[in-house]
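First subunit A sits with subunit B, and in the next complex the same chain sits with subunit C.
== the complex of A and B ==
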């Protein structure tokens, strides 16, 4: 076992895709954590004259109303990571729970759960979120993440279910069942550890997915009513004609951050796939 | 085949039922009493007041027992009555949305189909060549991680503002009115190309990655190895691999629809494109809840219909399902 762990670590450290991905995510995480301490203004403060391109004083320029784009950017990054983490965790957890239960129990429970999963799967997540968010007067970033988590789980549930189905018939699971282990314990002790690498990859994908969903939701006007996020920045930029006025410093940086973070997550995912799956390694 | 489709149809009907129920439940049981908010908002516009009040009385009729309210909601839904828009008063929501739908269809259908086809071709092509694969794969990943609206913003900025080639707002020039003249079609296409481009490009990355992974998987499989051992030409093997790899891509298309539609909504906002996404934004900004609810139902209906088409195509393409041989789960 010890050998296996160090072997995985060895391949993980050697994998370029994984290294690049981790580096980019870490870079933005660093900005999100420490950036606000460097920012000279609060995100909604009137920092100075409007329409200012990036300069020494305003690192990413100012908005039409003279707000400092850099401050908005680093605070927005915080929201982005919060949404990714909370939304991704909830979605992964529900997906695992439903998938394990449905795959392991089988029978009627499986039928019903999969029916429900398929229904939620067909309904566009965004539509569901729109109708939920539209009727809430005050929305915070945290609540938004919870909503996203509660709507993003179906594909995970289906994938976990099919993995569980194949693991369920293995001998070590049968053995555990014969010794009278409780189903929940079998799932946690016998099945879950065998899927841990997969679960980790699912979490990364859900993390990235939650960030993209939140950005879209913010952009169509259903983002947090208080605070700032990268999606909100883009929405305001578009609403106030930043594109037509050539204010690229307002509209472009938030998107760069989202693309870089989510892209890096996908990269990490592919890298991890190669680390965990020896067949793919030499490619 | 019949069994497969029947199962799917049941799921879709249940989904529709579920969606309508959500549409009914949320305004009624959400904390903060949205209906009262609606009424107080309506009171600000006297001419809207009467009509809205009547509508509320009819649809919400809060003195009736809950189940009756629910039945009434369905009845008015089947009559095509989705309420009156506050934002575009006094147009009925149904009419407002009906006017927007063609723009959505003309934008989404070509973008989805073309990117799916092109993505599959590129993905299968790149998967065979290791050098090409290694250089192009990172690009696919970056593309597929791009938020639709941001690519829209970039395209609008580069092609609309910096280069000034394409218009970046609306579906046609203000000076024009929709007609079937060449002039109008040309004008429409010029407005159409950038939103189409942002939808097309982002999706392309996802399909290409999916196809690449599937092709590699299929080329490693037993039947490919067997054919290779038998000395079959590489072209033939690849043809079979492609055929098998396309099936999960069709399923993937059904699964991705919701995401693509969300992307289209955001893209329309960027370009002020008069589809459902733009309506939705206006509905949200103006607190027009009937419009929001109507958009919600239309989006779901559209996705369900599209799903159904994809299922039929799947049945046609996959002989196992067609002959009822595999219990391909719904």
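== the complex of A and C ==
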């Protein structure tokens, strides 16, 4: 194990794509964690005069209503990471659970679970989220992430299932069975470790996907009713013609942040692919 | 000790399981204590399927397997675990029998945590060293290594050692030496023979007639899921009665004979016209229209054949 671990670490540290991705995500994560301590105002406070360009007092300027954009930005980043983490975790977890169970058990359980997965897969996620969001009077960032998590898992389930199908035909699974191990234990201690790299990458993709979905929902006005997010900032900026009025400091930062985070996630994903799969390594 | 009664395995194929494939067709035999029985057949004859059913890795479609008089299909949960304490298996591919991301000796740890959680690490270590010694492995060379750092022969012997850690009475050895090279083969075979002296019964699954002859007390010749000929190894090999057995024996390359043209009859068109006929009907050079599906006929003590014309051809 030691040899393999250090080998993976060696290629991980050498991989430029992975380094760039991790750096960008870490930068924004750092901002999200520590930024609010530097923010002088609450995101919804009236901090001062409106239409203020970035200055020493207002680092990213103010909105039409005199709110501090930097405060909104760092608090928005926080909720973006929360959506990514909660939504991505839920989607990954359900996907793994359904995929493992379906692939390992086979037979009727497999048929039923895959039927359910396919149904969820063909329901237009965005339409469902719009309807759900429209029905709720009070929506928080957390609830939004839970919804996103519960609708994003099907493709993970399908991918995990097919990998499990191929892994379970290997003899070491049979050997575990004649050692008297229970199915759940076999999945966790025999099959899952073989897919750890894949699970890790799935989580990264789901993380980025949840952030994008949340931004879309926020932008069309179905985001949280309380709190702030990057998507909400963009929505308000567009609503109040920020670009047309020359208030680039209001509209551009949230867009750049979302693009950079999600882009960096995909960078990490392809980078990790090269780390875990020796065939893709550049020599 | 273990007895198979009219075991049948039918696989459903295609959409909605419309197509049926009978992999094992009404096979019965029993294995006594301290006996090695070889199950010989070509690819697709159902020999591995029989082994897997005996290990309860796949369900039986019809029939019964009795272990010490008890029906195997009733073993579930803890009872099934107890069954695995006495019945173990070693599979064909040693490299796929080990989880590639863990060290090879983890297979011993798993046995400990499942069956002997009460033992201390030291006590267990002694058991492991004993087991490794009885399969002729040097603990220093095999412990603390990854599967890819060991040879197929070493891995296969470790798997046998693993089975010995339990109170194994019956071992399913599914083509365990077909992936080893000739020099290690005989070592592994001799280990099995040695273990047999200690009272272990073995189902030795193979496609190699000479290996079957070398090691077993009784032989069963399988073709397309049915038993063609069964009995004491000496009798089956010295006086083969079924045309299929004879063909197989003729096809074995001999160390004292050069290559000669030898034609193996191929299967002709298969279809509805072979239903109800003898399984070997379309390849048999001696087949007549009357060759219907045939059960085993007792020819003499410990020798059965599934050919009604065994004494006139």
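By our rule, the second predicted complex is superposed on the first by the 282 of 283 C-alpha atoms of A that agree within 3 Å, B and C clash if a C-alpha of one lies under 4 Å from a C-alpha of the other, contacts with A are read in each partner's own complex, and residues count from 1 in each chain.
As a working rule, a residue touches a chain if its C-beta (ideal position, glycine included) is under 8 Å from a C-beta of that chain, and two chains touch if they have at least 3 such contacts.
Everything numeric in this text was worked out from a predicted model, so none of it was measured.
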item: Clash or fit (per the criteria above) of subunit B with subunit C on subunit A; value: fit
item: Partner chain in contact with A:26 - subunit B first, subunit C second, else both or neither; value: neither
item: Partner chain in contact with A:176 - subunit B first, subunit C second, else both or neither; value: second
item: Touched partner set for A:9, first subunit B, second subunit C, both or neither; value: neither
item: Subunit A: partner with more touched residues, subunit B or subunit C; value: B
item: Partner chain in contact with A:266 - subunit B first, subunit C second, else both or neither; value: first
item: Partner chain(s) touched by A:184 [first = subunit B, second = subunit C, both, neither]; value: neither
item: Touching partner for A:114 - first (subunit B), second (subunit C), both, neither; value: first
item: First (subunit B), second (subunit C), both or neither touched by A:243; value: first
item: Distance in angstrom between the closest Cα atoms of subunit C and subunit B, superposition on A; value: 8
item: Subunit A-touching residues of subunit B, taken from the complex the two chains share; value: 11-12, 14-15, 18-19, 22-23, 26-27, 30, 32, 34, 37, 130, 137-138, 141-142, 144-151, 153-154, 156-157, 160-162, 168, 220, 255, 257-259, 261-263, 265-266, 269-270, 277, 280-281, 283-285, 289, 292-293, 295-296, 299-300, 303-304, 307, 329-330
item: Complex contact set, residues of subunit C against subunit A; value: 52, 55, 57, 80-81, 84-85, 87-89, 91-93, 96-103, 107, 110-111, 114-115, 146, 159
item: Subunit C partner contacts - residues on subunit A that touch it in the complex; value: 1, 3-4, 170-172, 174-181, 190, 193-194
item: In the complex, subunit A residues that touch subunit B; value: 114-115, 118-119, 121-128, 130-132, 134-137, 155, 208, 212-213, 215-216, 219-222, 231, 234-235, 237-238, 243-244, 246, 248, 251-252, 254-255, 258-263, 265-267, 270, 279, 283
